[in-house]
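So the structure is just underneath, and the comments pick up after that.
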Amino acid sequence: MSRAIFIPRDGLHPVLDRLSAEMDVWVPVASGPQKCGGEFVRYVPGTVPVLERQSTTPPKRILLPQVESLLSYAYVKDPEDASRVKINLQAEIAAKPTVVFGARPCDVRGFLLFDRVFTGGPFQDEYYRKRRENTFFATLVCRQWDAACFCSSVGSGPADMEGSDLRLTPLEDGFLVEAINRRAHPILKLMGGEQPTKTQLEAAENLQKETTEEQVGTGDLTHSGDDFRGRFEDLEYWRSMVSQCISCGVCTFVCPTCYCFSITDEMQGLEGERLRSWDSCMFYQYTLEASGHNPRPSKFERYRNRIGHKFSFIPAKYAGMIGCCGCGRCIRSCPVSIDIRKVVENLKENACACS
Amino acid sequence: MDQSAASGALVDSIRIIGFLCNWCSYGGADTAGVCRFKQPTDLRVVRVPCTGRVDPLFVAKPLIYGADGVLVSGCHPKDCHYAVGNLYARRRLEVLKNFLSFMGIDQRRFRYTWVSASEGQRWQQVVSEFSETIHAVGPNPLARK
Amino acid sequence: MVIGWGTGYDPLHVTPVFLRGLEDVSRLIWNPLCVQNLTGYLVKGALTPPLEEGKKIGICVRGCDSRSLVALIQEKLLSRESLHIFGIPCRGTLDVRRLMNESGLSQIRSVTIQGDHLVVQNDEEAHRFPLERFLARRCLRCRHPNPVIYDELVYQPITPRTAPEDAYRDVEAMEARSLQERHLFWSSELDRCIRCYACRNACPLCICQDRCIAETREPRWLTQRVNLPEKFLYHFIHALHLAGRCTECGECERVCPMEIPVTLIKEKLNQITRDLLHYEAGLDPEALPPLLTYNPNEAGI
Amino acid sequence: MPVELKPKKTTVAYYQGCSLEQMASEFDVSTRVVCDALGVELVEIPDWSCCGSTPAHSYDPLLSAALSGRNLAIAEQQGFDVVMTPCPGCLKALKGALKVFKDPNKREAFLEILQMPFQGNIQAVSNLQLYFETIGTEAIRNRVTKPLTSLSIVPYYGCLISRPPDFMQFDDPENPISMDRILEALGASVPEFPFKTECCGATYGVTRNEIVGKLTGRILDMANRVGAQAIAVSCPLCQQNLDLRQAQVNRYWRRDFHMPVLYISQFMGLAFGVEPESLGIDKLFVEADSLLDILSREGERDQSVGGKMA
Amino acid sequence: MRIGVFVCQCGTNIAGTVDTEAVARRAMEYADVVYATSYVYTCSEPGQQEIQRRIKEMNLQGVVVAACSPRMHEPTFRRAVERAGLNRYMFEMANIREHVSWISTDKEANTRKAMELVHMAVAKLRFNQPLFSSKVPINKRVLIIGAGVAGIQAALDCSDGGLDVVLVEKNPSIGGKMAQLDKTFPTIDCSSCILGPKMVDISQKENVTLHACSEVESVSGYVGNFKVQIRKKATYVNWNACTGCGECVRKCPSRKAPDPFNEHLATARAINIPFPQAIPKKAAINRDYCLHFTKGKCGVCKKICPVNAIDYDMQDELVSEEVGAIIVATGFDLFDHSVYGEYGGGRYPDVISGLQYERILSASGPFGGHIRRPSNGREPRDIVFIACVGSRDASVGRPYCSGVCCMYIAKQAILTRDHLPDSNCYVFYMDIRSPGKNYDEFVRRAQEEYGVQYIRGRVGKIYPRGDRMVVQGADTLLGIQVEVEADLVVLATGVEASAGAGELAEKLRISYDQYGFYMESHPKLRPVETNTAGVFLAGACQGPKDIPASVAQGSAAAAKVQALFARDAIETDPQVALVNERTCVGCLKCIMVCPFGAIQSKTLRDGSIKAEVLASVCQGCGLCNATCPPKAIQLQHATDNQILAELNILCA
């Protein structure tokens, strides 16, 4: 059995149709009235994937939905004594086999962190784990990067296939799809497609090689922990870097590596649901304590935390892995164009604080 | 007169919320009851001190979540127990009324009006007309859970 | 301190700058890529350190931004005396996202304005675009290109692009659709909302900020769910809180990462307040927003 | 000698209407002369039509509006933003058309009948309004060469010039003063005249002239009592009742009034030194010879005084 | 929370068309409900006892009664639960009688509706909080603004009741319009003879502080604790020294100063005492006419004053007073008849206002009580009175009836006929409004005994003929036009709100109508209260009034103040707005909309600005709550969460 197939450009639909008949398939599509943005949606026949550019939101929600019900519960009154109640709990974890088709290396890199966070320790997050085990990534060798991209600066690169199951190499007239691990073989089989020609294989190999050598972004941001700690109490530094921050949650919500969530009970009468939903460390409410005290009262403490989390705390905890995949979404979508690279680079003591 | 009996099953699904000010319209509804003026049974009354208390969001929320109609009624302008509460309400609710349909919510589902404590008859008429309107418009497509 | 615009991470992207001394002045730029309304920084406790009593702060404003200032002064959230306003007559700013998307440009070396054209130089070559082609939607309907309040006018005043009667053509186009179509439209648009609150936080008049009822549980207007009704209600809250106050700077729409036309909602409310209450926000510093006042003998209601 | 100021040239559309074509041609003639002297260019509305007068608006107000609307629309097309008419009846019709146009409930029907483009960016004013508000008494005073110093003249405004106040938007409805001030600027003495706006009987002159006889008689009597030598008017119908019917009045009251009734523009013309013939003064029924005599004597005296000085 | 639900059958009033048992059974399924029952007459004594018994037995923390309208029995049940130890606000009512059983006979639909209403009540109750009223001490001093007859009466009544009174009058003397009047209807007694003793009383009361020539500058605080700034205008005479001897007035060389007390029919000296009975009887300088101020020389008064009271350097002085209540008695102004062009527009000296005629009639007036024509000083023979000048006339923006004119022209006509028996008096009137005690009899006497000719019709024009005036009008009873030649025409000029009424209203945070008259709290039941707690109205500032009505209101307002002051503290209704300082963003929109001025701003130690509700002033309308963007201000007992809980039952 072959480890690669070729899908001609106009042959994408039949492949995805076949795939989606058996499992959930997520593809990036263009969205918005101007069709400038993009997001991952569940493929149904007719959906037009847009693989030529990075999506606005990453495929994060496929494995970590913005809101999910962890469990539902109901109080049941004792017929003898209405003041006595017992609680019925119900928890269901649905995890259908899923293919994420057309993600980019940076998108997938986010999940490498998630794997550590949700399934790496002694406590397994069953909700995430079950979905993760059933999900396959067919990842593009990325040829489109812009001024906000910096995957090479975080130790990755546009052809980095870590965490992916299939490699999609865009060629002149179609895609070469290769299984890069064993679990991907059934998926490849399901896709069907054509046998690749030698020319195609060679072209793909050249492209992969060429791409691997590309440097996307300048500098290296992977060893910033000490610099961060040095700047921790330098409030003037944070002011000079992020005074323009408006404390919205865009950067965290579009970030493939941000996983912070909050858990709330939503109850109506005697029934309720326990919800897990994305939260954002950029929000005031995020660290607001019940007493009314807030340890991170201003945007500076909050932004500092964001940087610290990604470039200092996570590498300290997960053996040097940093909490940033270099996708550049936080830069691109920031309403005031804050550049996270600059904030990290300038942590170095000699860098001009006020630029 | 009793429409709920006449129009059968559909009635069950129609739910109208009424915000009534304590001083005039709640009294007017009481007067209508004391006079045994028959009215449709779709209305559920929320008593508020003044129509000025009715944030337009109190109207918007039920309509978004699937209520079929919202009725706000207070003291006649210049007769407000709090002097001017209903004059503020009039502006805010009129703006809301003109806004709803832009967002795709049928503005006939919302009405605001003035009924004094003595106007039992008028209350009966307001409720009957509004109920009739809502039945004609039909259940809110933003179906409730 | 003076708040203005400076170059961001690439020549196409502008970022607000806070000038703290004379040496910072060289960072200041003005061109059609200066897209942010800076007036929000003056309120919502966003200034750090907060402005000292009796001290002035300088701010650069375009026509639309100046209306935000007027609205904030009306509501006594800002005092005119504390401001030194640099007014900039503005021919419109660009929709950078659309520019990048439609031009397919990525590695940009420099951007220059040559007359009515934008010249973008990337690695390979220079691309020339008529500015008109990429004007932001908010600018296409601009009626107040000249600041309505200022201490210094930086350039010569210019003629408005849009006649007042043409102000709400986008609203009118929407209203030409059927009720059901409008509902489908908003359902599909708002469904993309990720509740990142960028629209709210970028709005200079959304003064609740961290205390927004979209987030608080006391009182509890919204849940953590992200279903459609919740998204509708959130946008109703945003819009209704701005009714009669919104100055149509269009920031909410510009900053939305999901490209939801949220300003359109506020435009409708402004059209209503104009027609019903004969009020246009952000023009007269002495006026009171119409929903914070009343008229016993209301005409037209 | 005051330096003669050349007022800025003002150009307005001119609507004389039918009265000024025939019965009141002297009003037309004198108005044109005076406006010319004051530097106002009157441009007659090309192809103007009748305003419909009383019959039109009593038959159908919309018809009346459309008839005048046509004249306004033509003037607007010509690029004017002001139409001046000396006839209060015509003015009422023109203003009525604008009122209908501005009424959102009637506009559509109005434009449907009109079948012409019309923006409503034009206003209608009377000759008095033009003199008093646009030109101003100061400019008029500066133009006077033969002041009416020895004349005592009362102004008679009639009912329409300032009323209804909301509609006409000019002068005080009960005690108008525009003509008073103009006459004063011409040098005349203007006694307090309580019957400035009393009814002259209007068109009853045709059907029941005893009413006009009675009412107009009171006006003439009061003018007499306050020592007026002449009456100034600015309405063809007022002029007709006071002048043409003075003989009827005399019969009714068994009196012998001989009170010249001149248009304000005729007085202005005289004071500006225009020959009486060019002002149509010879058209009056109650001859103004006595007035002209006084004026010419005055002029001679002035000259002789001037001679001495020289 | 442990909630008990009591569904009332109200005999068959409810049970006839609602299955109350089923409603009670269903209520058991609602969250927190631990007890539910149906009872025949819940409001009866045994019914209330049943509730109390269950509260104790079941340890209930909240009670819902589904019965009649809360407007009927909410107070009853609140007392009942309170007796059982619950806070009275831990109680909710569902109206299943007036809003359910009485308006439909469809038992199934009614029962379903009643269930939902009970569910809503339970859902709301789960968010209820115990509320407690608070007490605010009262400063038992009263400020009275305006010392006309209404203000004087209020001041005397308060003073007699032992209260400290601060009386502020903008003119140099108290007495108001009544002091200008000659006689009063319908008794024809002398105005100054009956008012004079009261004015003297004021000057002699030890607990009355009088500030004449003074105006209220600003008002802050709230019921029980107002702080008032009073501007004492400079009179350039030290009133502590001035004895009112009048020597300076007699010697003052400037004689052309206006004389408002005589309605400008005469002139006064630049230093003047307005009238002989003035209280305080002190001189004051009009600096626009004083030669010392205009020309820089003179100083006669300073030289002549035996007590050396003249002080040309005097400045306005601001005085602070603290009071617990305020009575506004600022009176009225006379309509300015010059807007009537047809009556000469003020150009004819012999066409005068009613108050001018009053001064002509008065013995202390410009003609020493002899009736003369202002134009030539001769005695008039034919006098015409015209009613409703500036009253009942929408064309001058005065559609209301001034109430007093019919009576005062009848009085003036009678007095005229008394003074000048040979004179002819004519009255043009629209209708005769004479509803007071002995009023209509009085008008009839004018017509029948005094031969005053009443002509029913409007006057269209007044014009001079020779040196007399011709009054041209209609006699609508005869259907003819009439002309009367007159020597003097008296216009029954109407009453309008005093100039500056709106400005004062804004300082006091009370409302006024479109004509500037102050709004009473309720047109029938609260005629002297305003919507601002602790501020009361007396006299014509609230609307046109004659003397007895003004005096009655003065006493009524005084009684209201005494009732308020009878307690040592004010107990506040706890159903008021409350600010959550944690979420308040200090935008202060609540202050902009509060109709009662019940919200003020305060600055916390960290410099942040927050709104603060004055619980004793708040009336609980909830407008601030609806306005507050972050909903930091919540109306207690009708909070957002409580209302949302009710809505969630219906549509979540």
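The chains carry the letters A, B, C, D and E, assigned in the order they are written, with residues numbered from 1 in each.
As a convention for this text, a contact is a pair of C-beta atoms (placed from the backbone, for glycine too) under 8 Å apart; a residue touches a chain by one contact, two chains touch by 3 or more.
Computed from a predicted structure; not experimentally measured.
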item	value
Target chain D, source chain C, minimum contact steps	2
Reaching chain C from chain B through chains that touch each other, fewest steps	1
Co-neighbours of chain E and chain C - touch as defined	A, B
Chain whose average C-alpha position is farthest from chain B's own	D
Most widely separated chain from chain C, with each centre as the mean of CA atoms	D
Centre-of-Cα separation between chain E and chain B, whole angstrom	35
Distance from the mean Cα position of chain C to that of chain A, given in whole angstrom	30
Mean-CA-position distance for chain E and chain A (Å)	68
Inter-centroid spacing, chain E versus chain D (mean Cα positions, whole Å)	52
Chain B residues counted as touching two or more neighbouring chains	61, 65-66, 84, 88, 92
Contacts with 2+ other chains: residues of chain D	none
Junction residues of chain C, two or more chains touched	209, 216, 221, 293, 296
Touch relationships between chains, expressed as pairs	A-C, A-E, B-C, B-E, C-E, D-E
Touching residues on chain A, where the partner in the complex is chain E	75, 77, 81-83, 268-270, 292
Chain B - residues contacting chain C, complex	56-57, 60-61, 64-66, 77-78, 84, 87-88, 90-92, 94-96, 98-99, 101-106, 141-142
Residues on chain E engaged by chain C in the complex (per definition of touch)	514, 580, 582-585, 587-589, 592-593, 607-608, 627, 629-632, 634, 639-641, 644
Contact set on chain D toward chain E in their complex	172-175, 192, 194-195, 198, 222, 225
Residues of chain A defined as touching chain C within the complex	31-37, 39, 53, 56-57, 66-67, 144-148, 239, 243-244, 246-250, 252-254, 262, 264, 266, 275, 277, 280, 283-285, 298-300, 331, 333, 335-339, 341-342, 354
